[in-house]
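Mind looking over this structure? Questions follow.
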Amino acid sequence: MDRSLILGLLIFLTLLAMPFALPLIGQGYLTGLIIKAMLLAIAAISLDLLIGHGGLVSLGHAAFVALGAYAAAIALQSGIENILVLLLITLALTGFVALITGSLALRTTGVYFLMITLAFGQMAYFTLTSLAAYGGDDGLTLWSLATLFGSNVVQKGNGLYFIVLGTLLASWWFVNRMSQSRFGRVLRAARDNPERTEVMGYSVTRYRLVAYVIAAMIAGVSGLLVMQHAEFVSPALAAWQRSGDLIVVVVLGGLATRNGAILGAFFLVIVEELLGSFIHEWRLIYGPLLVFMVLFAKGGLSDLLTSKRRGNQVA
Amino acid sequence: MSTTLLLILCLNGLQYGMLLFLISAGLTLVFGVMGFINLAHGVQYMVGAYLLFAFTGLTGNFMLSVLLSLLCALAFGLLLEFFVFRHLYTRSHLDQVLATFGIIIFLNELAKVVFGPTTLSIALPEFLAGSIQLTEQLKYPIYRLVTIGVGLLVAIGLFITVSYTRIGMLIRAGATTPEMVSALGVNIQRLFMIVFGVGAMLAGFAGVIAAPIYAVEPGMGDNMLIVAFVVIIIGGIGSVGGAFIAALLVGLIDTLGRSLATEILSFVFNPSFANQIGPALASMLIYVLMAAILIFRPRGLLPAKGVA
Amino acid sequence: MSTLEILHLNKKFGAINVSNDICISIADNECHAVIGPNGAGKTTLIHQISGMLKPDSGAIKLSGQDITNMGVPQRVQAGLGRTFQITSVLPSFSVLENLAIAAQSKSGSSMRFFANAARESTLNSAASNALERVGLEDRADVIAAELSHGERRLLELGIALAGKPQFLLLDEPMAGLGRVESAALVSLLLELRRSMPMLLVEHDMNAIFKLADVVSVLVDGKIVVSGSPEAVRADPAARAAYLGEGSQ
Amino acid sequence: MQQLIKTTIASALFATFISSAALAEDLKIGMVVTLSGPPAALGQQIVDGFQLALEEKGGMLGGQKVELIIEDDELKPDVALLKATSLVEKNEVDFVVGTVFSNMLQAIFKPVVQSKTFLISPNAGPSTFAGSNCNPFFFVTSYQNNQNAEVSGMVANAEGFKNVFALVPNYQAGRDNVDGFKQTFEGQLTDEVFTPLGHQDFSAELARMSTSDADAVFAFMPGGMGVRLVNQFANAGLSENMKFMSVFTTDETTLPGQKDAAVGFLAAGSWAPDLPVDANLAFVKAFEAKYGYVPGSYAMQAYDTASLIDSAVSKVDDLSDKDAVRAALKAADFESLRGDFAFNNNHYPVQDFHMLNVVKRDDGKYHTSFVRTLAEDYADSFHEQCKM
């Protein structure tokens, strides 16, 4: 069995054991931190589908997290409580928006794609700030949360933890599975050499658009869970800095690697928490740390851990 | 809507456009010639502003402080180039983004630690502080007019340098066919360093100019960076002329939009609705503009040919 | 019946006529070579056939089907295979994967997200088949970026073949090859020629005289002469226009 | 600046020292404030004010040694939420003190009060939790957000302004402030201009002001926006023929950046550094001596919050008796720096509001100065909807 698969399984076993192990050592509150990292990881996995596998660097991906969160929150406010129905609404909205924006954005490539996705992200951000009925800039506190057919197991504590873990596992499994599939092959071929891929008979834009829509929908699901976890949504979810954070997570973890996005997300959350507990000005350390990671740890965390040589495939 | 107000808005738009141009000129050259995405360019803008604040505090002389700030901004840019950026030219764009992002985080925090988190301001010297009467109704601050003038001078200077000098020729060649420049036997390392240093200095200069108008605070470069990227994308990467046109376009549209969007909307919708969506729409305008331009001209308005 | 038919193709760039009323008809199992000096409009012609450029007027038909308004991938799906003048393969994939991905486009939908494509035997056997035809069997698992230039030219041809084309468009296949490699490729193409019609753009006159049934000489966007290699060689107009430039 | 580093290091050391020596009966207080980005100055004032009170009382409140845990919400709702949750679940604090901004309060409100931990806001006082959503576990020691604007309306009436030009950022607090102003102002509002948050260049708005017939401006432009607005207002020479009144625009956090440009500008509030209350004058003196800058209302409110907790804890034997703690807090049995102070039924303050103006002190520092009292025992207008 290959090393990265073992590492992946180890990660998930550890995550599975956490809610039982942590209270034993009196650190039960840490599950909140882990949920935060897992939510970040889900969004990062979806972005890696674009950046790592598709070679499409989006600087507007956080907008889909925010859209998912707002779609669910607004539906919740209007009385729809079943989490499965909310999931469908979230998927439909993020998928639809991604289809429209994606078909426009994919007319460009490279850094132009990065900028046009930034533009769409900013449009989403400012649209959310203008929703006065749903809190505008201040955001919206949710007084009731989603239920599973009336049961509140999906609201708090371990119930929510396992829902998030399950979603993470599903996205991880799906994206890794997909990268080996026919679709994933074409997507990576298009990243390598779009012209050749077209001349092999594939309409590159179509495959990229499908990837864009899938990535947006996964990000939307993470948004739904962010809402359920934070009991609060705000336009800040769509800020371009959040999209930047996601890129950092993906690059830091290692592009198009099996566990990169998860490792990157946990690295970011742990570093922030650990450094932050030592010194309030932890960014003075974090900034240079990023520079050193780039200069000396090429290929991301995932390579460090599985020590497999792999070039950086995205220019 | 009086003509006076419209005129003031246009002057403001021009002045904002000039600032954007000073930042974008360096960004577009560094990107075009070296293929290097430098997110830390916005931080140079902040560094310029803080340098001016520190020097005016030390010397008490505004013009001298401007000069010192420019020199230090240049030196700082060269220092960053030498220690960090030089090692990133051959790396993937994403690595460059990550490393320069780290530099932003560090410098923003450093500014906060050294100068405190509050918004600082710099008083203008007497001879720049007043307003002049442009028309019967219209008074306009001298300093803003000076800003527009200085921006124009820099633009002309850059244009002449890029169009008619040897180094300008190399820069243009570098933006279109980088392989050719190194094939010519030019010391590419030094060319990069010059372009980088000048770019950093111009961004610092923008910060110096902006400091007395907009006030100085940590992270002030972050949003400017994003807008500067919008400018160079609209103008076409690597093209100084494109950056100039796009900077003025973005400056004018943003300024006019922010002031007029609500009023224009209230012709069509009821005022409270217009008040609600007006500002959001105004903030969005430059992004809508960029997206529209990219959809119809995926390489910007005046692309330097051959740049990926 | 002809496989590829080019009817009155016109294309202008500004005032320059890069394709001027070009008509070419290629019958089953025929090899048609286009030669001409640099700047004669060969590349533009290839782009118009493959779909990267749209002609101003005229039509292109493949096996009777009008493909003039189709995009690049649709033309490939319709049976057009091509190679590039500058080698174009998928650098981070293995040789076998390159061929399998090419085969995949003609073997059912690629919008499949779960099954592991590397385990699909139809794709793998199609890939192996193409691998044998271009003689790269012992390089199957090598990453394409690590192949030698000559091997990559072969892989390029293999990719075109793996897509099971009805027609091959070869853009200077000999470019950059040494004498020995060229000879090997010519004999490979000679064998292919028996089962597949092709349009060949090439500078290597020896190769052309070995391979082509018909040669057309393109000058300033216009076909000045068209006929058997021997006839073209004898034609004074062709000599004046082209052979004067040297027959490298 | 060095002061800030020293304070932070000191407080960090202080916190680690105390936590390592923590005993079972220690009083645990968690603080969630904004300490990153430009608004960090506000959060820092709260930390400083609270710690000054703590220090004066020998590190004890209500006779119990205090373990103070300070968290930075980074002005991000999800960060605020995480920090608040960890304070409640990990540190099991007795009180949460926070936040600076209303939207951060929105984010942490639910998890804190649902865990039956008392949440005391030293600054944010949104209408959201003043009316029907008031909560037995939530107290505010500052004001209700709309009140300052309402008092500004009174300032305008008292000064005899007939036509006022209103300028606020386009977000909830901005709209609340205009509504509050309109509620009490008897003259005519000539313009209501909404700018985007973080607005840089006010010259268009200034041009509009100069061509309007208004005799005064009412502004709500907190933080850096206020610094820019006031400086540009003065540079455009508008101060000569127009009065400027505002809330949270010319306060002790922004005055170091506005300096002479703001002198003479009017403001409304429940406190000023020279408010003639003995305890207050002593507080300002001690604060300046320790931290080297003039305290603003944020520091004052944090100081009052510490005094409030002090008074409540000393009255209660068992902190787990929530009803007793609530009653003790509600009594507000402490000496407020503002003089009279009481809690309404919705746990928001009932207090006096004053007209203030900006002055330059002899030592060259700037602060807001008490002019006269305009509203005595002023309650917010939402408390009647609170059923508690």
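Chains here go by letter, A, B, C and D, matching the order in which they are written, and residues are numbered from 1 within each.
The rule is simple: contacts are C-beta pairs under 8 Å (C-beta built on N, C-alpha and C of every residue); 3 or more make two chains touch, one makes a residue touch a chain.
For clarity, every value in this text was computed on a predicted model and none was experimentally measured.
Each step here moves to a touching chain, and the least such steps from subunit C to subunit D number 2. Ranked by separation of Cα centres from subunit A, the top chain is C. Taking each chain's centre as the average of its CA atoms, subunit B and subunit D sit 36 Å apart.
Taking the mean of the C-alpha atoms as each chain's centre, subunit A and subunit C sit 43 Å apart. Rounded to whole angstrom units, the spacing between the C-alpha centres of subunit A and subunit B is 31.
Once the centre of each chain is set as its mean CA position, subunit B and subunit C turn out to be 49 Å apart.
Within subunit D, residues 35, 170 each touch two or more of the remaining chains. Looking at subunit C, no residue sits in touch with two or more other chains.
Residue numbers of subunit A whose C-beta contacts span two or more other chains: 129, 132, 281.
The complete set of chain-chain contacts reads A-B, A-C, A-D, B-D.
Subunit A contributes residues 27-30, 32-33, 36, 129, 132, 135-141, 143, 226, 230-232, 234, 236-237, 276, 279-281 to its touches with subunit D in the complex.
Against subunit A, the residues of subunit B that register as touching in their complex are 31, 37, 84, 87-88, 91-95, 97-99, 101-110, 112-113, 222, 226, 229-230, 233, 237, 276-277, 279-281, 283-284, 287-288, 290-291, 294-295, 298-300, 308.
Listing the residues of subunit D that touch subunit B in their complex gives 1, 4-5, 35-41, 44, 170, 192, 194-196, 198-201, 203-205, 207-208, 210-211, 223-224, 227-228, 231-232, 235-237, 253-254, 256-259. The residues of subunit B lying in touch with subunit D in their complex are 2, 4-5, 8-9, 12, 16, 112-121, 123-124, 129-131, 137, 139, 141, 143-144, 213-215, 217-219, 223, 255, 258-259, 262, 275, 278-280, 282-283. Residues of subunit A that touch subunit C in their complex: 174, 177-178, 180-186, 188-189, 192-193, 195-204, 207, 210, 311, 313.
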